Every structure is written in C-alpha cells, then in structure tokens.
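These notes concern the structure reproduced below.
Read from first to last, the chains carry the letters A, B, C, D and E; within each, the first residue is number 1.
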Amino acid sequence: MSKILEISGLTKNYHDAPDSEDILKNLNLTVNEGDFLCILGPSGCGKTTLIRCIAGFEEYEGMIKVDGKKVEKPGIDRIMVFQDFNQLFPWKTVRKNIQYPLKINGITDKAELDRIAREHLELVGLSEYGDFYPHQLSGGMKQRVAIAKGLALNPKIILMDEPFASLDAMTRNKLQEELWRIKEKENATVIFITHNIQEALVLGTRILLLSKQGKIKIDMENNVAKPVTPASEGYGEMWKKFNDALWEEDEEN
Amino acid sequence: MSKILEISGLTKNYHDAPDSEDILKNLNLTVNEGDFLCILGPSGCGKTTLIRCIAGFEEYEGMIKVDGKKVEKPGIDRIMVFQDFNQLFPWKTVRKNIQYPLKINGITDKAELDRIAREHLELVGLSEYGDFYPHQLSGGMKQRVAIAKGLALNPKIILMDEPFASLDAMTRNKLQEELWRIKEKENATVIFITHNIQEALVLGTRILLLSKQGKIKIDMENNVAKPVTPASEGYGEMWKKFNDALWEEDEEN
Amino acid sequence: MKEARTQIIFVVCFLVVWQIVYQMQAFNELVFPSLKDIGQSFIDGFREDSLMTYTMYSMSLILKGLAIGIILAFIFSSIAVVSKTFQAIYHLIVSVCDLLPGVALLPLAIVWFGIGEITTIFIVVHSIIWPMSRSIMDGYNSVSKIYIEGGRNIGLRGFNLVKGVYLPAAFTHVLSGMRVGWARAWRALISIEMIFGTTGAGAGIGWFIFMKRTNVDIAGVFAALIVIMIIGIIIEYGLFHTIERNTVKKWGMAR
Amino acid sequence: MKEARTQIIFVVCFLVVWQIVYQMQAFNELVFPSLKDIGQSFIDGFREDSLMTYTMYSMSLILKGLAIGIILAFIFSSIAVVSKTFQAIYHLIVSVCDLLPGVALLPLAIVWFGIGEITTIFIVVHSIIWPMSRSIMDGYNSVSKIYIEGGRNIGLRGFNLVKGVYLPAAFTHVLSGMRVGWARAWRALISIEMIFGTTGAGAGIGWFIFMKRTNVDIAGVFAALIVIMIIGIIIEYGLFHTIERNTVKKWGMAR
Amino acid sequence: ACGGSDSGSKKDNKLTIAYQYGMAYAPLQVMKEQKLIEKYYDGVEIEWSVLNSGSAINEGFAGGSIDVGAVGVGPAITGITSGVPYKICSNVSAQPHKVMTNNPNIKSLKDIKDEKIALVNIGSFQHIVLAMAAKEQLGDAHALDTNIVAMSHPDGMSSLLSGSVECQLTTSPYVFKEAAEKGISEVNALESVWPSGNSFIVAVASTSLQKDNPELYDAVVKAFADAIDYLNNNTKEAAEMLCEAENVDAATMEKWLKDKDCVYSTETKGLMDFANFMSENDFLENDGPKDISDLVFDNVKGN
C-alpha cells in the first residue's frame, strides 16, 4: 500500500502569547492509502490541531506531505468535517449546502446534483429537511448535514473531527456502517477523531492514542475482524488497553 | 418530595413556515425536587426544544410551572448549559466567563470570586487556562468551561444539553462524579440530555425516552443502586430496555 | 404591522406638536412655517414648480453615483481581502480620503471634470465609496473563521471565496454599509447642488432647496425635505427591509 | 511592519507620480500645484497663517461633537434594543434624518442655537448620530442568539444585557460605526466651516480652506488637506488599530 | 470640457457660461432667454451653469471648463491677480448694499461693539465694502472683522429676523424684504465709501476666448450690452421675465429693478479703487493690479 500521508517532525505552536507552548512537538506519522485511522486522546491534547494541520488550515513547522506534495493550503483532496456545529453556511439551505461544493468542483448537471443531494440526505436520515436553513435544525441534524456534505464530495482523504459525538446510538451506528461502506467502495483514507473507544475499534483499521503535546502513546493496527462487536474476538483486550492508557494519561496530569 | 417543575399540555411550534409541524405536542411531565432526570431520544426529536422551553427561551403553548410559577422568561433559578461550543463570551477570558455571572448575581468579593473560579476550573481540569480567551481553547475545553460556569452559579435547576458529548471517557467520568456530588450536596434538580444510555443510567434517578414530536415513550425511575457500573445489578436489563426502544424508534421512521 | 402602527402614531404626534409650536408663535413664521403652508408648498411644488422633475433628476444622479460607488467599493474591498499588499494600501487610502469633505474636493473636481454632471457624480461617489468600503472591509474581517475555512475546504480561492463566503457571511455589515451609503449619497448630492450649483444638464432637488431658501420661502424648503423623507421611507421600508427579510433574517443571521 | 512598509512605498510612488504629472504640465499650475509649492504652503501655514490654531480649534469642536454624537447614538440604539416601540420610532427617525444634509438644516440650527459654536456642533452631531445609530442597531440585531441567551440565562436584563452582551458582541459593528462617525464628523465640520463661519469665536481648518480657495491658492488648500490626512492617519493607526487589536482581534472576533 | 489642456481648442462653437443666482445677474438671464449671443454668432452652442460661488467659477476658469462668467468684483480681482486666465469683458450691475439692523440703537458703525454682523463671506465683496467703511469711519479696515459672521444672504436674513445676529450687510432683494419687516432699520455706513452705481458684478471672459475666437468674444460683449439696454428700457417686460425666479409678482420685481441703487451698465465704476483698497488692506495674497488694463480687456470702458 502506498503512503498517502507522511508527517515528519511536525511542530505546532499558535504563538498567541510570548510564552505559548508547543501544542504538537516533533510528531511523526505515516498513513497508508485506504487506512481508517482513528485518533483517541484526552480533551485538549491536540487532535483537532493535528488534523487542521493536515487539512492545510494552519501554519506549522516540520513537514506534512500528502501524495508526496507538501501541504501548504487546503485542497479538495482533503475534506474536513469540523467539530463545530456552525460549519454549514447559514445562507444556504441544507440541500444547497450539499450541492454547492459539488457545483464548484465541476458538477453542473442539475439532475445529477439533485440525485447526489437526495441520496446523501437519505443517508443521514434528513430527506425531509432539504429546504430548511441550518438555523432551523437541531445540533445533531446540523452535524449530519455536514457529514453528508463531506461524503458527497468523494474525497481521497476524509478528515473527521468527532463527527458522531452529538448523535444518538442508532444514528451513530447507521452512519458508522455507511462511512465504512463508502470508504471501502472508494478506497478513501479516513482520519477520524473520536472519544469513544468502541467507535475507534469498530471503525479503525489503525488506532492512535495521542497524549499531551501530541505525543503518540499508542499506534497500532486494529486486528479485530470486521464487523466488530463487543463480542468479537480480541475486542475486550483492545478496549482495555486503550482505556487503561487513557486513565494513565489522566493520572500523569 | 415537592414538585419543582410541572409541565402540562406543552405544545411547541416554531411557526417558521406556514405548514410547520409541532415539534412538541401536548407533553406532560412533572419533575420533583432533587431529581436527576436524564433525557434520551433520537436526534431531532425535540430534546433541546423541551429544555429551552423550560429555561424560558421559547414561547410555547400549554403550561410550564417552576416552583408553581409560570415560566415566561429565563431566570437565574434555571441555569442552562447549551449544546453549542460557542456559548462562552468570546470577549471574556475563561476566568471572567466564570466570574461574570457570579458578579451580576451579587458576589462582589474579589477573593471569593477568585476562589470559586479556581475551584471550578480545577474541577474541570483547566486550572492553567484561566487567562485564555475562548477562541484559544479546544472544543472539549470550551464545553468544560461552560459546565464550570453553570455549576459555579449553584442553581436550583440545572439544564444540561449533551454537556459531555465532546469529552473523552476519563474527563467525562470525572465530571459525571462531580456533577452527581454537587447535585447531592445542593439538592439541585438536574435535567440532562444525553445520547449515551450508560451515562443516563449512571447519572439519572429517572430516565425519559423521547420520541418524535416529544412523545414520552419511556418514563421510569432508575433503581439501579449508585454508584452505577455496567456490573451493577439491573444495569444490563435497563440498558437493553432503552437500547431496544431506541432501535424500535428508528424502525418506525 | 404593530411596528407600522407605532410609527404612524408617532408621526401624527409629531405633526400635532409642530402645529402647536407654530400656534404658540415661538419662532418667527419665516423660519417655522405652519403645516398648512408646508402642505401648500408641497402641492404647489409638484403642480407648479416641477418639483417632480427636480426629484427625478436628483434620483437619476443618485442612482448613477450609487451604482458606481457600490461597485467600486465592492471591487476594491474584495481585492483587499485577496491581496494583503492591496489591503494595506487601500486601508490607508480609505482612512485618508474618507476625511475629506466633498466641498473641499470641489475645486479639484471642477478642474478635472469640468462643471458638468460628472463633477456632481464624482462628489457623490466620493462620499459613499469610503464609508461603504469601511463597512465591507470591517464586515469581511469579522467573518467567522469557520465559514472561511469551510469555503477553502471545498476549493474556493480568491474572488470565488469572496463571492461565495465573505460576501454572504458579512451581509449584515454590507447591508449596513449600503444603508449608510445611500444616506450619504443623498446628503452629498443635496449639499453639492446647494453649494456648487447646477449645470446645463439639469437641476435637482438640492437646487430647488437652494432657490427656495434664497427666496426665504422656508415652507418650500420643508416641502422639499418632505419629498426627501418620503423617498427615504420608501427605500428603507420598501427596499432595505425586504432585502433584509429575504436574506439575513431568513438565514437566522439577524433578528 | 510589512504593512507600514507597503504603505510608505505607496505614498512615495504617489508623490512621484504627482510630481511627474505636474512636470508634464497636464493641468493648469493654479489647480495642480507642485509638491514644492504644497510643501511651502504647508510650512507657511504653520509658520505664518496659524494653521495650528485653526487645527486645534477644529479638533476641539470635533471632539465635542463626537462625544455628544457617540453617547447619544449609544443611548438611543440601546433603548431601541430594550423597547420595541422605541425601536420602531427610532428606526423611522434615523431613516429619515440620515438623509437630510447639514447644509439644509443650517438655517434651522442658526435660528434655534444662534450663531455660536453650538450650531456647528449641532451639525456635526447631526452628521454622525444617524450613521452611527444605524451601525450600532444593525450590529445589535446581528448579535448571535446564543450570546443573548447566555446573557439572559445568567440574569441580565434591559440595559445590563445591552452593556454586558450586545455591546461587546456587536463590537466590530460598533467600531465600524465609530470610524464612519469620526470621518463624518470631519467632513461635516469642514463643510460647515466652509459655508458658515465666524471669526469671533475662533475659526477652524475649514475656514482656512475657504480662505485659501477664495484666494485661488490651491496649494494652500492642499496644505490644509494634508493636515487633515495626517490627523486621520494618526487616529486610524494610533487609536482605532490599537482598540481593534485590544478588543475584537484579541477576542478572536476579527482578523 | 475636461481638463485644462484642451482650452486652446475652444475655437469650436461651444461656449460655457457660468453665473450665479439672483437679480444682480439679471442680464445673463435676459441673454439666455432672448438668445442674444446666438443673435450675434450663428450656431453657437451655449451651456448655461448656475454656480453658487465665485470660487467655483474661478476654479472652472482655471481648469478651462468655463469661457464666460459673471462674478463679484472681489472674486474677479482675486482671480485675475492670482493668475486665473481671464479678464473683465463687461460690467454687469450694481446693487443696493446696506447694513440692516434689528437694534434701533445702532445708527452708525461706531455703535457696533460686539454685535454680530452677518455677511456672505470673509473676503467677499460685502466684506471689503464694510472694511472700506470701517477704515473711513473707525480708522481701521479690520476693526469689525471679529464681528463678522459668514452666512448666506437668506440665512443672514432669518438670523437677523430671529435675533441671532444684530446686523447684516446684504443686497437686493433682501434689503427690500428686510426693510418691509417691522423692527428692522438701516445703518448709515456705506454710501460714502461705495456710492450708488459702483460696480458689483462684472462679466469675465477667458483670455483664450478673446484671443482665439474674437468674433465669439465680440458677440458676447454685444449681447451683454443688448441685455443691459433691454433691462434699462423694457423694465416691465424684464420684470415679468425675472419675477418667477425670485418668487415675487411682476410689480414688486419692477419696483426692485427701478430702485435707484439697482444699476445695470456695461461701464465699470470704482473698479480700480476697489482693487487698490484690497491690495492695501491685505485682501489679496498676490500683488494688486498696477493699472486697470491688468483687469479689463481693451473694449471695457470705465474706471
């Protein structure tokens, strides 16, 4: 498998105060094409910062290469679903929010656009909400539209920042399945931040545990056979490993 | 136990379109003082809308009484922690965000204010971030500050909208414990929205399952003895009951 | 509806107070005319003094000036978002030019553009382009970071980013700027007509005011002011409110 | 720093182009003076024509006018947030009054306030209170709902809510309005001084321009404009930028 | 007409005339209505502009966009001595100038202490005339400068009537209107220094017009003469023509036109005295004219 993402010596400091600390320090990471990389880690450890750097939103020291090319600005090859509820454009309806990125990227056929929007709205269970404006949606619904919008673009790399955090168990389950299906079909690479160890085990082909200053504490393949359930072989063991590491993390602070 | 909250015939429609549907329809609910009421339900079913009505942010039909008085506007007796990451005032530092509500409500002693802020920042693990502005925090950190701010006010009714959704398991566990402790100490009443059945079981003395249009599908006391763990007696049964009901919910749609 | 009722009641009260003050003879009649005189001047203005023609001429100048001013303000502000260098320069230009009153530039305008309509339009443009540019640039600078990132994320660059994200996201600022610009345009136009005069091309409502004043016909001046006010109300409640309702209010970005 | 460098380069280029145009004799020397003449007028202005006194006098009027205008704009806009009735009325007043040029109101002001400084200040206030009120009200109306709810949630009501939430949350709009107001104040003051003036109470920079213009001394006019520009640059980069850096930029609300 | 560079090519049939509003400019109104220039110069296309200040007209000349204009004596002298490329081509009118007051105790300039005097502008014709009177009667040309409030004639009138100022130096028709109000009286001040009939408004023409297109220039001069004749001989008809702009009935207009101080003439009067006074009393930044020929074209008669 080819390396789609290579990070070496990544250091990030927001420099917002004279004595501001490095958020990420000399981080090295390689991700292969088709990987589903889940990132766990305590709140504030730099997960979001890391994927923002990969997405091209932040200046950084060190080197991030996507497909061999240094990341300097955002690109349509890396689509990000943000953590924030307000990432939809409030001046566009839900449907337009999904179609607009497609239009910009060359899909102009009306029927095609409608089909894609319909399919993806159905996927996230919001078929009836196409004409709503974002401010008329609940938190979870906004988040689902953002996911639909990201997936509709069929990007090579999908960066997701706790996308399912505000969804109920059912919707979450369904979307997890869909995400996995789409990734497999398109052979996309997914980098996925979550606080849910179970979710990481269910989805990830590889799981990363980040600790303070972006130190990679655990970086391992997830060998539990898909589809993963709590009853799968090796699940309990893996779960405990990450859970313990996270607690340990906590005690260190 | 005295009834602190009485809701009868609550109907809510945003009237944002000529044919807009009722979000909540004829909802009846009574909450006793000291209750810890957890609300589960699929995304978009009206959980946020319900607690916004209780908090006094929405106009509604029907009757909501807090302590026997009709709710018409927000009041300092009902403190709400919103679902949105941007609920902190961006123009105040983290510490000021916590102290400002206290100042308004009559606590003017500098030392006292500092003590409260310090204690509560410690509580949510952000002692070092008192002088940061909200935009310098991660999503989970913002959420924790909002929780600290809400708790610092010692309100009689705490309304929380998925407050722990973006927190890692450890932080979440710790805050769950703290929340429970504070509630016990102050004999506060908590209404708590979550998507996590386990969380509902761990925290709630009473658990509500809402379905479309705010229909109350399950409303039961949580009799599992505290502290609740997945190993507690009755836990598995309860968990299954809610999980099944939620799946059923999903199939109905 | 309730809003309109309040406003009508207010206007009526205002008129009543006016008439009472008039009756009290607190001011010389030459400077404080009765409602009747003003009404009469208003009607005469349209019937005899071709106030309509003056008004239409002013409107046509305003529209030209506004169109040019708004378009230029948008173009420059948008370039300023795209290019940091241009932003530094344009910001300086705006800070400086916004302070120069049209009257002070009149000599230059006369020299550059002669004494025709163009000079008037130049002054009108001068009086709106800078405040509008400020509003637009301030708006652009306060667009929430997440929308910009959302736009860049889906591949928007340069002017497409401005059009697709900055502009709608800053629309409350932009609308605010348009309102200020519109008002400025009127004020500038009328002042210029009153200070500078008229040219062969035609005369506007400011000239009408000037003539009425020269003839110490204050009721006539008020009649002209009322025309301006009526136009203002039509534009504010007919145009701007409608735009607002169909944009920022519909989008949940303003109340 | 990079910004300042760009700006200095731009100014130098501008001056060079000016001098080249002058050398080409494209315009009559009377109306397009050389840099040397302007510079000379500038120096003479301070040395002989007490330009400094004029400037200080204008500044003192501006400050008074601005202070009154800003305070009134804040008070009225804030009442408008608290009371829907007042909002309807005030919105109407602003839409209407903002269109009336100071020159047209001058006769009334003279009658009401006599011929002293107060009349000038009145016109300055008139020229800033409406656009500022618009900016502030538009800003208040676009404050994100969640901040208002956050404020009401912790028990803020009425003016405390305005002070504690609306004002800081709308600060980009407010600053934008202050900048527009500041520029308007200058423009209004200079126009008024050019149209209406007294030598008794003191004379301002507009008066200086007027006299230079009467004497067809365009270099002198430019010298005065340069003084205005320099003041503008000091206020913009010394005051407004500092405020901006210590508020909205620090708060992450603007770039 | 854009820019000064094309002022040499004015030899076509276009002519831009700028004047100001009021009965002092009546000859231009007559020329316009009766197409007098067209009568003497076939096919000329005239653009008439009514500008509100002498400065604007001066700037128009400087920029080459005005060919003929009518301005006060003051701005004309200032313009010529500052190098604006024009000279006086004809006298236009004299108008009554009076100091009016609402304070019956003020009988002469000596009675004015810190009372305010409204007049149109510092450096204006009115200001200079006042200075002449001040020099004669108070010994110092600038004795009253601190009493001056600059405001337009109508503003001055309403201020006088409402008591905001005590005195106003004004001209027709305001002197007539004010005289008709009760409580307003005239201050004896100006007759001795600026006798009736002295030039108030003069016509100026660009030097390039005179040099490059003398026929058109002559047509303009003749037209002024005709218009002034018409005003003097057909006062009734002229009054009817002018009354609408002044918003009075024709009879009143006729009465105003027939006032002894309201003189329309092509001959300048007192021009050089005025220029000398300006130059001696710091009203000019540049050197004053040495000779009347510095101020007027050869065809102009008068002093």
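Basically, contacts are C-beta pairs under 8 Å (C-beta built on N, C-alpha and C of every residue); 3 or more make two chains touch, one makes a residue touch a chain.
None of these values were measured; they are calculated from a predicted model.
The set of chains touching subunit D and also touching subunit E is given as C. Each step here moves to a touching chain, and the least such steps from subunit A to subunit D number 2.
Per-pair counts of C-beta contacts peak for the chains C-D. Centroids of subunit B and subunit C (each the mean of its C-alpha atoms) stand 49 Å apart. Mean C-alpha positions place subunit A and subunit B at a centre distance of 27 Å. Looking at subunit D, residues 27-28, 31, 107, 111, 195, 213, 218, 252-253 sit in touch with two or more other chains. Listed for subunit B are residues 84, 86, 136, each touching two or more other chains. Within subunit E, contacts with two or more other chains are made by residues 3-4, 55, 59, 62-63, 152, 154-155, 158, 162.
Every pair of chains meeting the touch criterion is listed here: A-B, A-C, B-D, C-D, C-E, D-E.
Within the complex formed with subunit C, the residues of subunit E that make contact are 1-4, 16, 18, 20-22, 47-53, 55-56, 59-60, 62-63, 65-66, 152-155, 157-158, 161-162, 174, 177, 245-248.
The touching residues of subunit D, when paired with subunit B in their complex, are 144, 146-147, 149-150, 152-156, 160, 164-165, 168-169, 171, 247, 250-253.
Considering their complex, residues 3-5, 54-55, 58-59, 62-64, 75, 78-79, 82-85, 114, 116, 118, 121-124, 145-152, 154-155, 158-159, 162, 164-165, 284-285 of subunit E touch subunit D.
Note for the complex: subunit D touches subunit C at residues 2-4, 6-7, 10-11, 27-28, 31-32, 84-85, 88-89, 92, 95-96, 98-104, 107-108, 111, 127, 130-131, 134-135, 138-139, 141-142, 145, 172-173, 175-176, 179-180, 183-184, 186-188, 190-191, 194-195, 206, 209, 213, 218, 221, 224-225, 228-229, 231-233, 236-237, 248, 252-255.
Remark: subunit A residues 14, 16, 40-44, 47-49, 83-86, 125, 136-141, 144, 161-162, 165-172, 174, 195-197, 243, 246-247, 249-250, 253 touch subunit B in the complex.
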